[in-house]
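Two complexes, one shared chain (chain A), two partners (chain B, chain C).
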Partner chain A sequence: MVALASPSRGASLWQRWRFHLSALVVIVPIVFTPAFFHENAFFDGKKGLGEREVGAIAVGPWSVRLAEFKLKEPDAEGRAGYAKEFALALCPACVDQVKAAYLRVGKPRNIRTMGALFSGTPYRQTAEMRIPDRTTADDELWLTLEGWDGTLHQATIPIRTASPLMAAWLEKAKR
Partner chain B sequence: MMRALRASGWIVAAVSAMALSISTAWAHPPFCICKMIDATTVRCEGGFADGTGVPGVKLDVIRYDESVVLETKFSADSTVSFKRPEGEFYILFDAGPGQSFDVDYKDIR
Partner chain C sequence: MSGTTVSRRSSGARLWFVVHGWLALPIWAFLFFVCLTGSIATVSQEIVWLASPAVRANAPGPDATLRGYDEVLAAVEQQQPGARVRFISRPVKSIFALNVRVTRPDGTSGALFVNPYTAVIQGEQGAFDFQQFVRALHGWLLLSGDNSRIGWYLVSALSIPLLGSLITGIVVYKRFWRVYLRPRLRVSKGRRVFWGDLHRLAGAWSIPFIAIMAVTAGWFLVRAILDDNHISISTAGVPPVVARGDVPVVAKGAPAPRITLGQAAEAVRAQLPDLEPTFVQFPSSAYDHISVGGRGAYPLLFETVDVNPYNGKVERTRRVSDRSALELVTGSMRPLHTGDFAGVWLKLVYLVFGLILTTLVFSGMMVWTRRTAIETVKLVRERKPARLGLEAAE
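Entry: the complex of A and B
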């Protein structure tokens, strides 16, 4: 007669719980599926320009729709400080006329300091705008549009209008 | 059966980890930190938030009246040093359209 060796405690635990672990591996992705499809639709633009639309803004002869891409406080970007992402859509009539759109905090000093460059299609493009250390909630964002003919047109948007969440974050940070 | 289930679990975990890493790698804004290293010399260190260096990237020192005091480039270690000009000026980090920004002389630490 051969005596069977009893399994170690670890092996015994594994035998007992492996079925539950396998079930967990299947259930966890199912739980996150709605969030996955929501994010997918958001990034595809099916849920709008961004999570909070600022509205239509006239920029010289053109106009754009601006939105906060995500309704959240600025992101920490390591040594680069903080940044906030915005989304923009050109007006249908100016799609062929506008070459580039830039966004920054405060008035650009010159053509080389116009800020973050929007990238994407004319119907939905995004830019991650740096937030300088000395920014206050009363400052303004400067949006610059550059035409294919070389013309530049600018508009200002108070931070409180562009992103009340960012304004509140700035006020909290200055306290 | 269990082996296949376990393998699929690892695949799901790996794909999820990849998806997470992609979503966090959205953009990497540039930085330029300038400090006085002695009474007269400014040292600027540049880079991108993801740790990418900026050797060869342009850095100009410009007065408020837009006259250029110095045109230089970041060295291999992504730093540049220069004599601090008198008066009001700003430092222009210029890594190309959308990747440039200015550092005011008041922000030199």
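Entry: the complex of A and C
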């Protein structure tokens, strides 16, 4: 028989409190409260158009502001492949003139393949642009604006300018 | 021998008792937190109503009539020039002001509280949205972005010990229905008896509620797994787009002709006469529909009608009858979990049972600290010699 040694102070604290340790889970919301409010403000456009603004881009008679919505690598979307989200704001003068905006990798072949349609309001709209498998970091994004009068105007943005993060991701994927 | 049978049977019951105790014990505080925040979330909208006059729909007089959607739009344009309305929600016969979501020319969005009788903007949602805060705290521990998945999994995984506790609880306490006939809560027989009685009483009375919570929360876990593996059970199909030919081409600078919301409402009424529209979602692009939705005959699910904003044609309806049996079941999970489908009275019922469940978790822990630990030691001691005996026989 081994005599029961009186447990050390640390051991008895452990015995006493081990089943209450899950209370520590409340630390998670406390720590992440600032991030929660930041995220809400971001989605309400109070932290800018997107996480990284690309700048003003002239498209025919109009201009837009373009931004990377989130500063992160393209998302895997299952069978649809990878996609990257961009945000766009129309210039104040062209809010009522532009019917739709589209974004894609490479030059659109025709009016049916202009890419991802931006959705939202003229002041802030987003599009999830699909990234074809053969895309390289040296490719360009084609932005198409369609006017209510039926006219089409286009502009190109090098991927390296639009999203250095995406360019780096493409280079990494290629290797 | 009868002696052995009795001891074996009681040992089996004791095993279930110990399993029941251990299922929730290591996570009791987490479960307690989720049950408590969930109970508050049930009535968070009503709490906001009590705290903030801006969200109330006070009629200026007894003969005041509700403004139409077009009047509301005009009033918002007048009070916040240039703001684009994205969404208007208005619960039927509600004590709540209209919730009008707008995006302004500077790119910021907000939710305006608009009086449905006067169309006056009474206030705007500030940075702290109590309702959303409590929901996020309860549902995913306030984690944001990609982290919110982790929080979602942590919370919804609690459905497993919850369901396990329910089943083992019934197994241990087979004659739980006795509590319905003769409830017993002994206050003066010491703490162990009190917490034990309370635990049995609260548990027996809330069996259906716990079952609903465990199953619906389990669905949240399953849904997250399906989503993360890009598996869809929806029969809704690809969202329709407005045909290119329907979108008018106008002279430069001329406004694009669109139907009014009144016309859209008329088209919806012609299509689904018994639908009570509770929200309108505005087109998010030139090729998108006006989407109107509300509850139909089956109150748990929303029915929606998509109207072409240029010619007023109804181009898609999504009714309860359009859904598959699986969708009816899974679609009912969230309203069953929140209790938000039959009015304030049901929310209050959910609040009461939510608080009972919270008490159940706490009393379970109290019972454990006074009993289960001893039972575990007994069970281990009892099984050890039995196993040794078995080995010796071999």
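The rule we apply is simple: the second predicted complex is superposed on the first by the 148 of 175 C-alpha atoms of A that agree within 3 Å, B and C clash if a C-alpha of one lies under 4 Å from a C-alpha of the other, contacts with A are read in each partner's own complex, and residues count from 1 in each chain.
Quick note on the criterion: a contact is a pair of C-beta atoms (placed from the backbone, for glycine too) under 8 Å apart; a residue touches a chain by one contact, two chains touch by 3 or more.
Small disclaimer: the values here were computed from a predicted structure and weren't measured.
Once the two complexes are overlaid on the shared chain, A:A100 sits against chain B and chain C alike.
In the superposition on chain A, contact of A:L117 is made with both chain B and chain C.
By the document's definition of touching, of the two partners only chain C reaches A:W148; chain B does not. Residue contacts after overlaying the shared chain place A:S8 against neither chain B nor chain C. Contacts of A:P29 after superposition: both chain B and chain C are touched. Comparing chain B with chain C, the partner in contact with more residues of chain A is C. Contact with chain C, but none with chain B, is seen for A:F37 once the two complexes are overlaid on the shared chain. Of the two partner chains placed by the overlay, chain B and chain C both lie in contact with A:R79.
By the touch criterion defined above, A:P92 reaches chain C but does not reach chain B. Residues 19, 21-22, 25-26, 28-29, 77-79, 100, 117, 119 of chain A touch chain B in one complex and chain C in the other. On the chain C side of its complex with chain A, the touching residues are 25-31, 33, 84, 86, 103-110, 127-129, 132-133, 136-137, 141-145, 147, 151, 154, 230, 247-256, 284-288, 365, 368-369. Listed in rising order, the residues of chain A touching chain C in the complex are 19-23, 25-26, 28-29, 32-33, 35-41, 43-46, 48-49, 77-79, 89, 92, 95-97, 99-100, 117-125, 146-150. Partner chain B is touched in their complex by these residues of chain A: 18-19, 21-22, 25-26, 28-29, 77-81, 83, 85, 100, 102, 104, 109-110, 112-113, 115-117, 119, 127-128, 130, 132-134.
Against chain A, the residues of chain B that register as touching in their complex are 2, 5-6, 8-9, 12-13, 16, 26-31, 33, 47-50, 62, 66, 90, 92, 94, 97-102, 107.
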